[in-house]
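After this come two complexes, each holding subunit A, first together with subunit B and then together with subunit C.
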Partner chain A sequence: MGPISILHEIPEWLNLTIAFLIGIGFGFALEQAGFSSSRKLTGMFYGYDTTVLKVFFTAAIVALAGSQLLSYFGLLNLNFVYVNPYYVNAAFVGSIIMGAGFIMGGFCPGTGISAFSIGKIDALFFLIGGLTGAFLFAESYPMIQSLANAKYKGPVRVDEWLGISPGVFTFLLILVAILLFWLAERAEKRFRRPDISSEI
Partner chain B sequence: MSARIKISVLLAGLGLILAFLPFNASRTFHLSPNELLDQQCKDHGFTVDEVARFMNVEDSTVQLIDLRSNAEFMECTIPGSINIPLQDLLNPDWEGYLNQSERRNIFYSNGDETATIAWTIVTGLGYENNFVMKGGMNEWYKTVMLSEFEGDRITPRENALFENRYRARRTFTKMNSVPDSLKRQYLEAKRLEESQLDGGCE
Partner chain C sequence: MKRKNYMNPYLAGVLLGLVLLAAMFLSGRGLGASGGLKYAVVAAVEAVDQQHAMSSPYYSKYFENGENPLKSWLALEVLGMFLGGFISGALSGRLKFKVERSPKISKSKRLVFAFLGGIFFVYGAQLARGCTSGAALSGMAVQSVAGFVTMIGIFGSAYLFAWFFKRLWI
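For the complex of A and B:
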């Protein structure tokens, strides 16, 4: 019964080993999906390549449907699964910075590491920039603390907010995903850019 | 039909099934009526003397659970108990206490009825290690707090029994006479910290 690390007292080294193996799988999947190419990632914003949307939305609905099925069969206790707390203002400002960084740098943090691992120089500088930003954030935290902690909503879930059951929310999200996949493929045809190579 | 349409139909079908499933199946009854009856027929109670002994030796394999209201709990309770009012039994915050296999949970209330209801619910949910204190607080007062030895000669067995009751009586009186503020501090300290995992993104 899961979550393993909460319900079973497993030693720290085993916990870290599991994290290590999942990390390898995640990095491998990112690289195989072509996410180490900033052309592919920024393609999402210009509409010529929507792999990012397809991969992350697929991951979201698989995880959502999978965790609910596991819960139904009594293998996973969803009450113990961590839900990120919601800070409204911080999420708003953070998402703008994240989006701007994503389109300018051509990576998000995870794909940056993935790209760096295959030796991309731009990824190296992207990561140095990311770490510098994290350092500056930590150093200036006392100054922006009031913004960072404003409008704290606690660990809310969208289904609770909408007042529907999690199963119905999953169903709606799957429908939204199918609609978006369809729109994304139309966008790919419309904004086709044959001059941009999908090779690394 | 293209592969894309097939996968879309499959996904939407799965979503439709999920829309009708209960969210948290671990919170539905697992036991069939027969299994529950079997469990009920087994001895799942402790006498107040046994509970007094657990309390005296501070047995860490036992968790006493007071099902009465918070006001009654603050007024007096068996030392070492936690308070889970019956109507709050299914609050997810308590699941860490109830759904575990290390300690024996002993439910009690004023009489037998509330404890038995709580026992039936948690046992039906498939949780292990649930017991009730037979007779509840009424029996505790009658036996542990008020009974006196009457007679000329005391057997070693009776001696041990009364020794146990007197010790429990002393601890009970001492613990319940501390001011409410101190009691609350003690209870807060006892509360398990909610375990939290660090979240992360890509």
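For the complex of A and C:
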């Protein structure tokens, strides 16, 4: 029963090998999706390429529905799977800053790694900026500590918060995704840019 | 070698979702990227100025109980990402040194904004405790409220700012 490394004693080298292999799969999937191209990623915000939305929501739903199926059949104990803690102010301010970084840099950290791995020099600059950003955060931490830790709500889940079952929530999310996919396909036709799409 | 097309996005999404599911099943956690960059910085600062690292409340917590930030799950996962991306690029004929940019801007302008974007993104990710991978995608897969808030925040903000940076891309 999973999570394997939490419910079973496994040596550290094996745990780190699993991490490395998962990373290979992650990097491979991102590159195959086309996330190694900044103009493909930013197409999301101008409508000519909505790959980001399609890949992102499909992946979230596969993992969400898959983990619930595994839990239902007694193969995975979801109580031991990490749920992100919710710091209300930090999540809000942090994600606004990330969005600004996304449209300036053309990548997020994962896609920047993916693009650098196939030789994109702009991605190298993005990653050097990323290291700089992590350094600036660490050095400025005493100053923004209060913002970072304000209004802590714990690892709260949407299904608990809305008082519905995880299955119902998953179903609702699938409906939302289908609607978004439909909108995305329409946007790609309306805002199409063959000049960009043929290059990326 | 001829450059191959990208994978169908829905199929790539299924593949990415299965990788995420494997991380949840094997290690009880989601995927991450910005955290790996943070560990690299923490390790570098400790190597350059150990006294500063140990006296800082931020850096010192990564060295408790003799831990090494580079021997962590996330650091190894990020290392694997470089190899995975390289393998994919090699199989699809996409390995090439290149500055990707709109023809309307110069190479150096593209590189400056890439650098600035990196600073903003990872700074924000440290504040929000995760980026698009660790907070938004992995968070949504475990129905985390923080995951959904971060996802909506990142994309909402990028749409908001997209108009100002239009010339960089289209």
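Observations on the structure shown:
The rule is short, and it goes like this: the second predicted complex is superposed on the first by the 196 of 200 C-alpha atoms of A that agree within 3 Å, B and C clash if a C-alpha of one lies under 4 Å from a C-alpha of the other, contacts with A are read in each partner's own complex, and residues count from 1 in each chain.
One rule holds for everything that comes next: contacts are C-beta pairs under 8 Å (C-beta built on N, C-alpha and C of every residue); 3 or more make two chains touch, one makes a residue touch a chain.
For clarity, every value in this text was computed on a predicted model and none was experimentally measured.
Within the superposed three-chain model, A:150 lies out of touch with both subunit B and subunit C [touch as defined at top]. Of the two partner chains placed by the overlay, neither subunit B nor subunit C lies in contact with A:176.
In the superposition on chain A, A:127 contacts subunit C only, with no contact to subunit B.
Of the two partner chains placed around the shared chain by superposition, subunit B and subunit C are both touched by A:166. Of the two partner chains placed by superposition, only subunit C is touched by A:45; subunit B is not.
Of the two partner chains, subunit C is the only one that A:16 touches; subunit B does not reach it. In the superposition on chain A, A:80 makes contact with both subunit B and subunit C. After overlaying the two complexes on the shared chain, residue contacts for A:61 are found with subunit B and with subunit C alike.
When the two complexes are overlaid on their common chain A, residue A:108 makes contact with subunit B and with subunit C alike. Annotation for subunit A, partner touching more residues between subunit B and subunit C: C. Shared contact residues of subunit A with subunit B and subunit C: 3, 5-6, 56, 61, 78, 80, 82-84, 108-111, 166, 173. On the subunit A side of its complex with subunit C, the touching residues are 2-6, 12, 15-34, 36-40, 42-46, 48, 51, 54-64, 66-67, 70, 75-76, 78, 80-87, 90-123, 125-138, 141-142, 144, 147-148, 153, 155-159, 161, 166, 169, 173, 193, 196, 200.
Within the complex formed with subunit A, the residues of subunit C that make contact are 6-7, 9-10, 12-31, 33-34, 36-38, 40-42, 45, 56-59, 71, 73-74, 76-89, 92, 94-102, 110-162, 164-166, 168-170. Against subunit A, the residues of subunit B that register as touching in their complex are 4, 8, 11-12, 14-16, 18-26, 30, 92, 95, 99, 126, 195-199, 201-202.
For subunit A in complex with subunit B, the residues that touch the partner chain are 3, 5-6, 56, 61, 65, 68-69, 71-74, 77-80, 82-84, 108-111, 165-168, 170-175, 177-178, 181.
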